[in-house]
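Structures incoming, each one as structure tokens.
In what comes next, chain A is part of two complexes: it sits with chain B in the first one and with chain C in the second one.
Presenting the complex of A and B:
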């Protein structure tokens, strides 16, 4: 039962900045996911909260108490590591009860709390085994159990699913989400996998080079990315990005997507765009689809293009075309027969395109 | 054809084994027979008469003491054990520090420790003799222990550093978030995991002390501090050498070391860390 607050948190390794002036408030019971490419400072942030990494500047509060000077053991947070870090010389039971044994909790209570964790995670059969006798998924479960037993103020997950195979990862992801609902505790979760971030988070923080790029709910971040980096990082396959010249024609503005392909600019942005020569356009693959007769409306704009490549995936088909010499992916959800080289008509929903400034790469509102 | 190949292979193995083990076997056999038989020419490979005369004399079982072997044995045991325990304690802490912490001049200090081992021990004997004589610890167990600790610590640090490095850092980190202090994490998690490595380092340190001759021959003078290898020289008289006695005391030296190695060897099997962390 605790909130976590970071104020002006900074970490430097010599001259290298790992985390820069980070301000963040995590309310009680929130599932917060820190996501970003490797080296963006997300793990460092987590380790600073845990107390495993000294901070260069700023303050960390857990449950409204300043913990800057506190040892990891006094912060009452539990951490789950990517490589599980189970104690290899102890059985599952001993692993689970270790923190309580150190805290000198009496034996009976240790037994009860271990039993409780065992039940929550379905480890009944494995209690007497050593970590070397467990599969990856089971080890991961024990690692989570070890965190639960302590009843911490907050859970810290450091890429806990990265070592699992794809199928198990999906399964454990669901389990972590269920666990959060059961335990009602603050969770800070670090991952480089945007799918994990989207599916688990109440709130996502996208980091890059030690800075927070955007904070928001998964849907908000997906729909309204503030810059090109966030736009391409969230969503799979990533958002199509291309640079387009702005062309004036009949007192109207157009984006030149390709030779002779002019997409109308949204009128609301005329003022801003008339001063610019070119911009970056972002279109999600699902917003650029082969035309079907039913989707003609005011905001739909159509163009024709030859197909470079087709990848049928069953539920959807990904179609690759080239605009301004950049590869663009289009997603099609009906199973229409399409051939490579064929010229077909595509529709773009003009309400859903993202326009970014060419120089700052920030979104134009 | 295959049969012949196999048989000739085993003959070769036998031959090599005998060649390698010969000195050892010779010592054992010679310890249990009278001196003249050892010197017989041509060599008498299988003793005509077995005797434990040298051992009974050594340990004064019939009241006559040839060489105070029991006292030497005790000296050896005490000096080797104490110096091993001290060297391991210091070396283990040093190894942990090198493996886990970053500090100024870390690599240079480490290199320095290794270079210290490159100096031949015997070259230190004279300065050590003068120094120890001046401060009055010549011919004491304490002095010998001091020398052996100094000899063993760099090696122990080097060995344990490697073993601690093999244990993932996350082990101690997770223990610390689990409520351990750094020392508790070391004691409860890292030390048990490094156990086999520390055992290996200990056996090396012990054997080095147990077998050391050069320095001990300079800084031990009497029964008070002489160890078994030095005690062996007691059988060297002005005109004769009691080979049987020497072989007997050599057996007294070899047997405990071999037994100890056998006992510890079981624990040296590592692979204990497997499973805690996905490799």
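Presenting the complex of A and C:
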């Protein structure tokens, strides 16, 4: 039952900047996901909130109280670690009840709360076992149970699913989401997996080199990435990115996607782009599809190209082509027969393309 | 000729079997045999004078032997506990240091590098009642009557213990430091977030992780301390009036000074029981501690 606020938070290791001037307000009950490549400062941020990492500059508030100088034990947050960090010499039950025992909670209440957590997470059969006798998924569950039992102000998850196999990961992801709905608590969740971020988050923060690149709802960051980094980081397979020259023809502007393939530029961008020589074009694989019928509406633009490679996945088929010597992925959602080397027509919805500045890599609005 | 015996596995193992035979098994059997004879070093022919269990019977009635036996247990108990306590303290402190840890580790091991005989001499002169450093130091602070550190019946034992602890605490410290460095960081951090203060983290997380190392150190050191001889021999020679006589100083005296090797060997075999008992006890504890951590 608390919000978390970071003000101008900075962390340096010597001269290396891990987190730079981070400002963030996490309202009560929000599921916030910090995502980014390794070394982007997301885990450091989480560890600073937990109090495991000293702060170089700035302030952290939990429940409107400044906690900079407080020990981890006095912050009333729970943390779930990547490799579970269970206490190997304690049984599942003892692991779950440990924090309450330390807090000198009444024995009967400990029992009740452990029982409750055991039921929520389905650990009934395993209570007397030691962590070494549990599978990865079960350990993960115990680690979450240990966090739940405390009824903390906020949950901190540090890449909790990255040690699990793919199937279990999907399953636990769903469980974490359900858990959040049940517990109604603030969650800060760190991951490098954009799928986890998209599926779990109320709000995503994409970080890179200690800076926040973009904050927004999963759909918002997916549809409106502010720069090339966010555009390629969110979405799988990643957005196709290619550099295109700008060509003037009949008072109109075109992007040269490849030799003799000129994509018309949206009119709204004429003013800005007429001064530029080239831009970065971003097209999501699902926005570049083989033409189904020839009902070309105004915003659909078609071109023809030879197929380099085909990867059928069942629900979709990924088609690889080359534009300006860059590999471009196209997603086809029907099971039409196509062959490598065949020349087919592709359609691009011009409303859905992303245009980025060549130098700053920022989106051109 | 038996072909099986000279098959290649047996042939290849032969050098090791011979080495172990000559170095361990034959001397062991020989000494065990002599404990049933009245073998005196000065009279080699007494080696064949088989006396049956008489040496052992004499032993059971020998009050001095059992006094030394009890004294050795006391010596072991005090020295092991204090070395563990100091060693653990030092290891915890060094583990906290972020700068100069290697240098400190090396310096800490200096006492281990001295020959125990030299350590004995060194402490003998520190504790000397006339010219000793300690008494002279106390004199500076106005304590004028000389304390007979190595002559007093209680102080002598304590002085030897101090020398022993000084020389060997670092073994504990090194072994426990290795244990500390091997503890994963995560459970400790989890405990801190779970509400533990430093003492609770130590008691609930660090110590259980350290237990196997503690028992390994205790096993090694119980064998070492159990055969303490050189320091005692140099510092007090077992005196005053045999008040610091430990098992092995007594055995050495009877075996070599009195040349009564048969009897001394009988004593040795009884003394070994003590070492075996300690080793067995600590080893059981070690296995239990490892099972506790799920390491098996």
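Just so we're on the same page, the second predicted complex is superposed on the first by the 363 of 365 C-alpha atoms of A that agree within 3 Å, B and C clash if a C-alpha of one lies under 4 Å from a C-alpha of the other, contacts with A are read in each partner's own complex, and residues count from 1 in each chain.
Quick note on the criterion: a residue touches a chain if its C-beta (ideal position, glycine included) is under 8 Å from a C-beta of that chain, and two chains touch if they have at least 3 such contacts.
For clarity, every value in this text was computed on a predicted model and none was experimentally measured.
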{"item": "Overlay on chain A: chain C relative to chain B, clash or fit", "value": "clash"}
{"item": "Touching partner for A:83 - first (chain B), second (chain C), both, neither", "value": "both"}
{"item": "First, second, both or neither for A:136, with chain B first and chain C second", "value": "first"}
{"item": "Touching partner for A:71 - first (chain B), second (chain C), both, neither", "value": "both"}
{"item": "Contacts of A:163 with chain B and chain C, given as first, second, both or neither", "value": "first"}
{"item": "Contacts of A:195 with chain B and chain C, given as first, second, both or neither", "value": "neither"}
{"item": "Contacts of A:246 with chain B and chain C, given as first, second, both or neither", "value": "neither"}
{"item": "Touching partner for A:103 - first (chain B), second (chain C), both, neither", "value": "both"}
{"item": "Common ground on chain A, meaning residues reached by chain C in one complex and by chain B in the other", "value": "50-52, 71-73, 75, 77-79, 81, 83-89, 98-99, 102-103, 130-133, 146, 150, 156"}
{"item": "Residues of chain A touching chain B in the complex", "value": "50-52, 71-73, 75, 77-79, 81, 83-89, 98-99, 102-103, 130-134, 136, 139, 146, 150, 156, 163"}
{"item": "Contact footprint of chain A on chain C as seen in their complex", "value": "184, 186-187, 189-197, 200, 204-205, 208-209, 292-295"}
{"item": "Footprint of chain A on chain B - complex, ascending", "value": "168, 170-171, 173-181, 184, 188-189, 192-193, 272-278"}
{"item": "Chain A to chain C touching residues, read off their complex", "value": "50-52, 71-73, 75, 77-79, 81, 83-89, 98-99, 102-103, 130-133, 146, 150, 156"}
